[in-house]
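Take a look at the structures listed below.
You will see chain A twice below: alongside chain B first, and alongside chain C after that.
Then we have the complex of A and B:
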């Protein structure tokens, strides 16, 4: 089942001369994990915001083509309606805290209150989300007193509690220290094993190699490639797009160790071990 | 975590009274001494407010407030006692200065009124969690946007102060003088404005995005995680306060 259909999406910010997205088309199936990579300014964040309707409803600007998410046509739907289908988590954990709530527990409730859920339903969802993100024990803390990694997990929990079918993560670890990043990746692991449809922009390419079913490579507002990670990462011109292949791919390429079956360079540690094993 | 709030976290009967009742108390404590302008009324209201503050174990917090007010009011007292037009009945004399009864009475009445209003507000502010107050107001029909701004400002301003602190530290670590004479501080402050304003603008935009994706603009009816605490006696207090205002009006008209 298709969860996201982007068809020839073109978009220009109101203050900009150039298109930030120049005719993107892609389809994402239920339960898939899509990694989004590309250099700075490629349009990754813009694409993310187009999936949740911030583009065009929040930013305005010039919009062409169409995006359908969870059955809703973005252009014709309000952000609050889209929020029930697709959630967004972005870089800065601090600005994702509403500031209106005094505890972690109440912070998660914010979105649910806006949905008008009844109390029992809210409590059930909040408990579940906090447990899933492993921050239940901080439920009575002030959100601003959490560490970066905890705060970012709170942001994810707040989105999860709204039960969207899809979660978009735009560089969720880029402002975190290594420990915080690890915490967030562990959370992403969990979401993936829950079978959520996920779209994640991430510079730590090894993580994309580990999780992604497909990788979208963006550059200059265009979709350069949209394929299985092993295919995208073995592009000889990858570095031209400001993306370094995963470390295992680079090592295997230097050593000319290819996967026997595919004839491509492995992208994960497991893949590399298997490829080396098949040499003997 | 610091918030901009004067709330004193105690467990007291006054704390347990709902915010609407406390708002009504402000109304009553303001209106009744105006409707019935005798000194006795004002004194009774004052006594009740002080009693409530003591009961709420927050009286100590208003002492600084009271001392400022008393200072201001003493000035009014002196000026009115000496110079109010219509002063005819001399009351006492200090050196060559004659204090008049009319002016002094007028000043006392005004002073009591101001103190009463301040203390009534103090009861609300010191014994009510701001978040409870705002949530109650939103329940009663205040726009959720205004409710959000009110409650988030209390937390976000201290956060912005932290940002200023961080930027100052960064500048200091690069060798910039940030302490000393006013001129030095001013010189240190000006290059701060740019980064602080910029980061506040970005933060504000990002935060409004975060609110959007959490459905803040949804048109449907919002609900509340916290149950509205409705004790039967809250109703009693509210009606009692309204009734006392009405009674004061009736008294005034009848007398």
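Then we have the complex of A and C:
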């Protein structure tokens, strides 16, 4: 089942001269985890905002083509209707946390209170979201007393509690320590196994190589490639688009170690270990 | 040699009874230094103490012979520059050039000299064509570069970066790596707080690990990344290439992909 269908999407911000997205087309299946990569200015965040409807409903500007998420056509749907289908996790958790609530628990409850859920359902959803992101033990803390990493996990928990079918994450781990990043990726993996569809913009290329089902490579507002990570990262021209391949791939390329049949390079630690064999 | 920064038995708490820093003693020489550790380990607090924005509860910090307790952050600002993790905490002017000129003007540089310093710094970060822009019309990664330029323009002997590569793409990271190397080449003391272990391994001579308000490890970057168990205890991972070498059973601690490749090529030769 297709959860996201983007068809020839073109978009220009109101004050801009140039198109931020120049005719993007891609289809994402239910339960897939898509990594979006590319240099700054490639259109990655704009694409995220188009998936959740902030483009064009909030930013306005010139819009062409269509985006359908969870069966709703974005252009013809209210933001409030879209919000039940697709949630957005921002880069900076400080802009996501409301500031209106005094505890982590109430922060997650905030989004649910507007949905008219009964109390038992709310409690169940909040507990599950806090546990999934491993922040249940901070439930009575003030959100602003959390570290950056804990706060980002709170932002994700608040979205997850609303049970959207799709979650879009725009560089969610950029402020996190290695352990925090790994926790976010594991949580995303868990959500995926429960059938949720995930789209994540991320510069941590080794993590994308490990976890994503497919990678969308954007450059200059165009979709350069949309394929399995191993195929995208094996492209000899990847650096030209402002993206470095995973370190494992770069090493194997320099050592000319590839799969002879497919011509593809290892992209993960395990893949590189198997391919390199031994050093001594 | 007169060490730039001497920290002795530093203790600090935001709230009474909850110490964030629990007895830090460090001497910083001219080696470029990375400070790594989990979120909440006390790294940013430490940077703010060095900069004089916070004062020690006990113990002392001396910056070029000046005890931070006896001076203000303003008094230290000609010696030490701090680039905040979040540029929005730092930027307040309505155009890029004014923002970057503010620092040098504030430490009594003449208008013309301040302008030259600002332009030089903006050139380094690739924003010299954005002088009239409002920083808030630019992207987060560009604002981070403005914050970096603002501190570079002050031409201080000590520069502290708090997570400089956040929101930067591959090109931006390489640019920041180049800036750090250039500052080190100019004889400045560069301290950097960061989570990107690959970047740390490629860039810094010395690495210090903070864990729960204490120094858990301190040594050359290679020595520190050899300590797998202690790093794990501090909640940290080793760089990707280091892990690859270890997984392959190699006793050498690799810090860069280039090192690994040349080692592998040599060992290939030996094996015939």
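Criterion: the second predicted complex is superposed on the first by the 260 of 280 C-alpha atoms of A that agree within 3 Å, B and C clash if a C-alpha of one lies under 4 Å from a C-alpha of the other, contacts with A are read in each partner's own complex, and residues count from 1 in each chain.
Just so we're on the same page, a residue touches a chain if its C-beta (ideal position, glycine included) is under 8 Å from a C-beta of that chain, and two chains touch if they have at least 3 such contacts.
Just so you know, these numbers come straight off a predicted model, no measurement behind them.
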First (chain B), second (chain C), both or neither touched by A:117: first
Touching partner for A:58 - first (chain B), second (chain C), both, neither: first
Partner chain(s) touched by A:101 [first = chain B, second = chain C, both, neither]: first
Chain B versus chain C as contact partner of A:92, first or second or both or neither: both
Touched partner set for A:174, first chain B, second chain C, both or neither: second
Partner chain(s) touched by A:226 [first = chain B, second = chain C, both, neither]: neither
Which of chain B and chain C A:78 touches, first, second, both or neither: first
Intersection of the chain A residues that touch chain B with those that touch chain C: 92, 94
Residue ranges of chain C in contact with chain A within the complex: 37-40, 85-86, 139-141, 163, 166-172, 195, 197-198, 235-237, 240-241, 243-245, 247-250, 257, 260-261, 263-265, 267
Residues of chain A touching chain B in the complex: 49, 52, 54, 58, 78-81, 83-84, 87-88, 90, 92, 94-102, 105-106, 109-119, 122-123, 126, 142, 144-145, 155, 158-159, 162
Chain A to chain C touching residues, read off their complex: 38-41, 91-92, 94, 147-150, 171, 174-182, 203, 206, 239, 242-244, 246-248, 250-251, 254-255, 269, 272-273, 276-280
Chain A contact footprint on chain B (complex, rising order): 1, 3, 129, 131, 147-148, 151-152, 155-156, 159, 202-203, 206-227
